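The same chain A turns up in both complexes below, where it pairs with chain B and then with chain C.
Let's look at the complex of A and B:
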């Protein structure tokens, strides 16, 4: 067993882990990144399309280019990187935390540390999670797995493809598979509106005349050894309308039916999870309910843009460094979702400094109003021309928006969309 | 020339093969699929029944009890995942308690050990996850849970280690007498001959019987759909929970699997399509309704996958294990549905006896080895113990499947033991069986299979020829076998 002492261990070397580790290191702490894959950069490396970095760098970058902007500095900053290394357990110690990992090259590695940053990202929901009926042939795979097979291994899963769900990865793969010569026959979305961003609907489906069937479900997958067809039907009163069912012959079904923050490790470490975001409940410093454990990126909540992951992770690293240096914690007010809001992250707001929030709506709405109330009094209102659950909303509160000593014991920050 | 050819490497065929491997016989085990247990057995619910469900006069009841008793020894020898978790039958009314009394009497007559009728309070203490509406029930501590494919794999591995020849992708398509032996052929024109044939062909047992001029019967597939729930579901029950059975089925059960997930099902639907393993939305609803009535904690939110299996049933629903009266040197092992897995050790014993009755001479091998090497799994060890494994092979510290914590070394072992399809590797190691259902590990496993076997990526299949995972390569041509580490 190898022993390492560091101030902070960052679990995950994707976009969140890289930015958090850099911020920690910049603040003078010693940091180790633990990454399962043989490389840093995470899922960005299989995202060879562009569209990354418009906020962060004011440039249109591909996923690997975006990752490279962080991997270089991480290598130069003296951050210890453990590749091919999987964290098995986060433990509690009298002096802080322990992190136990298995490394292909080093065997068991045990870190003694004071802070842990959770940056494990998320996983794709799969066929079982959405209970698609039918047989279980080869040719049914998640969009992210297909992306990996196409963009890294150079393999094409099949020739005639139906995509279930209109999440962003599915939309990106509709375009990608079209470009490598496949026929993408349909994208089937259960909701009456797309799950992916408007930009991707235009650039990945409309530009290639790929039909999008909103309010439709896949009722059955057919085929014994290999997918032969899917049956799809429109929803009527929440049920598949069997009378309008039709059969699409295909050899491949891609699933893009949502992402789930991967918090099995967090739960095992006793980190409380927020029902709305499926990520850890965090305070204004992005510290979870377990002291010394911080969280950022898609393990905290599923982001729509990597630029926001970077922004959040950098702040997480900065706050973790401040906590490590023994800085006094600011007074905080709880932040709760109000009308039409699924979740707001973080779950607390610090008095006397600028606070940045991310939220997801429960509704599709035009000409909406973001309404933020502190202790019942409006602290901010902002017009939003269009709101939909698939697009994350970012807003900030200026330092003077939250009083140092909020009136009343029950003071909370409530965020609504009206 | 083999002494015995066994057709079908499901749990029955594999158990028979292992039983016969004790004797100085040459035995071949023929399987049409790409791996052992890929037919009926892989969709088994994984229960070692206690033996109270069937009437004492039936062959099923006798073999079920005898089979159950054999599992402690088999587990010690073969190391497959198995635990006597205990079985509960939960009654929800006075009427249902009457059936419980009947099951108790039947079980006692069959010889089920330590069987008890329990009142509401004891029932709820035996299984706290049970609905408070339960009235009472039956408790059979000798019932257990098992990984069906691992059991079948272990039986086959033990048989092969003791000299049995295993031929997979070998579908019997023709048979005829040559002197006093059978000549058997597959569709590729490959032939072999054997003095005796055991028909353990599951759903195809009727077809195989006809091919050899044996008795005429019809195997009807009875479909069962099952749903798997994630480990995080808190293991809603500690024991296998049965409802009070109906005439055609034991009902929808809640099964805590040996590896920590939860299985609910199966349904029971008569059909005539031996290939129909499709699940349906209607049965999903029904199974959840029935299961959550017994164990309220069960939630659809926790589903990670579903599947359907087919039970090979005969009219009358009993096993049919006899020497054929029409075909010479031919043993029928048909209608092996529930409790076939539980009964399999006793089925094998009966087949051995039938062969002896038929004139096959059985002399024990002096060097028969009952055990197979213990399979190391990283997840079974505490961190400070893993260094010992790593010293032997660093691949034990390379985690391939993050949901089930499967290391590269375990995947390599599966491949080296001949499990080269993704399903075979999944059943052997559990990689891809967890909550992400292979979303992360599929490509890693494909790389390992490619490296170990030299197969290009487009030849790697889910469950055999025709089920390739990828069909093409960008720019045309076959994908290369990737070298280096996964």
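Let's look at the complex of A and C:
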């Protein structure tokens, strides 16, 4: 067994973990990153397409290039990195926290630490989460797994492919599989609008004439050993219209039906989870309900832009370092979602400093208005040319927006879209 | 701006998230864009009509068991019509590791270069998974 004593342990070496660890190290704390894969970078390494870094670097980078911008500095900063090492448990100690991990080559690694940063990312919803009828043949896999197979392992999961769900990963894979010689026969989306970005609809589907069936569901997957076909039907009044059902012969079904923050470890450590975001409930310092445990990136809430992951994780590292150095917590107000808002992260707002928030809308709307109220009084109103659930919205409140001593016990910050 | 839509080319503007539906049509030398809410849409419609360009990314096979794929990209957009031709070239390539991110794979394809986007070590030196092995030149991306 290996023992390590560090100020902070970062769980996960994706874009969130890398930025948080760097911020912690820059502030003078000792940090270790624990990553279960044999490399740093997380999901970015399988995202070989471009479109990363437009905010953070004002450049159009691929996933691996974006990751490298952080892996180099992490190496130079003297941050200890444990690869092929999976965290099994976060425990409580009289002096702080323990983190127990299992290394492929070295066995058990035990950290005694004072702060933990959760940066485990998210996982994909699979067939069990969406309930599609039919047999259980081989050939049904998530889009992200397909992406890993094609871009990292170098194998192609099938020939004739139907994609269920129009999230960005599914769209990216529609193009990717087409370019490696597969026939992508259809993308089937239950909503009347696509859930991926317009850019990906155009460049991944329209460029290759891949049909997108909006307002359609997969009614059945057929095949004994391997997928042989799927049946799809349009929805009318919320139910599949059996009269208009049709059969598409294929050997592979890709699921791109959403991502869920990966919080088994957090739950086991007693971290309270927010229902709206499915990630930990966090205060304005991105500290969870368990003292000394912080969270950032996709484990906190699912991001669509890596640039915002980096921004959030850097702030998380900075606040964790401040907490470690014994800084007094600022006064905080709870932040709650109002009309048409699914969630707002973080769940609290600190008085007297700038606060950055991310939210997801519940509606699709042009010319909407973001309405932020502090204790019922409007603190910010901002025009939004277009909102939709699949596009995260970022906004900030200036230091004077929240009074140092807010009037009334029940004062909250309410965020709505009108 | 009363162009016959039946004769026009339909597309979605992707210059911003509003995603206006554009119709681009040509009569004689004049190209008109309709459906755009702003000037960027007009410019986008024209470029897509005359010469759509795309960044191309792909992986090429390596000789390594540990890292079988080396990801690559064009350093600038290439004509959309030539994407397949470029891919054929790339798929016919096989590379021996190590490779360095930024190194050139193809020096000139229609004015663009194709470069690696990830640094990959050769198999022998990749001693993976050692705690604290960060400084030993192991398999970490850089």
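Basically, the second predicted complex is superposed on the first by the 418 of 418 C-alpha atoms of A that agree within 3 Å, B and C clash if a C-alpha of one lies under 4 Å from a C-alpha of the other, contacts with A are read in each partner's own complex, and residues count from 1 in each chain.
Everything below uses one rule, namely that a contact is a pair of C-beta atoms (placed from the backbone, for glycine too) under 8 Å apart; a residue touches a chain by one contact, two chains touch by 3 or more.
Everything numeric here is computed off the predicted structure, so don't read it as measured data.
In the superposed pair of complexes, A:224 makes contact with chain B only, with no contact to chain C.
By the touch criterion stated above, A:334 is placed in contact with neither chain B nor chain C.
Shared-chain residue A:80: touches chain C; no touch with chain B. Touch criterion met: A:110 reaches chain B, while chain C stays clear of it. In the overlay built on the shared chain, the residue A:375 is in contact with neither chain B nor chain C.
Of the two partner chains placed around the shared chain by superposition, chain B and chain C are both touched by A:38. In the superposed model, A:60 makes contact with chain C only, not with chain B.
Contacts of A:50 after superposition on the shared chain: chain C is touched, whereas chain B is not.
Using the contact criterion defined above for the overlaid structures, shared-chain residue A:389 touches neither chain B nor chain C, since it reaches no partner. In the three-chain superposition model, chain A touches both chain B and chain C at residues 38, 84, 103-106, 150, 152-154. On chain A, the positions that touch chain B within their shared complex are 1, 36, 38, 84, 86, 88-89, 100, 102-108, 110, 123-124, 126-129, 131, 133-139, 141-142, 144-145, 148-150, 152-159, 180, 219-220, 222, 224-226, 240, 251, 264, 267. Within the complex, the chain A residues that touch chain C are 2, 4, 38-41, 45, 48-50, 60, 62, 64-65, 67-68, 71-72, 75, 79-85, 103-106, 109, 150-154, 179, 197-199, 201-203, 206-207, 366, 385-386, 388, 391. Within the complex, the chain B residues that touch chain A are 228, 232, 275, 277-281, 284, 300, 303-307, 378, 383-384, 386-387, 390-391, 394-395, 397-399, 402-403, 405, 407-408, 435-440, 442-443, 446, 457-458, 461-475, 479, 482, 485. Remark: chain C residues 11-14, 16-19, 52, 54-55, 57-59, 61, 68-69, 71, 73, 80, 83, 87, 101, 117-119, 128-135, 138-142 touch chain A in the complex.
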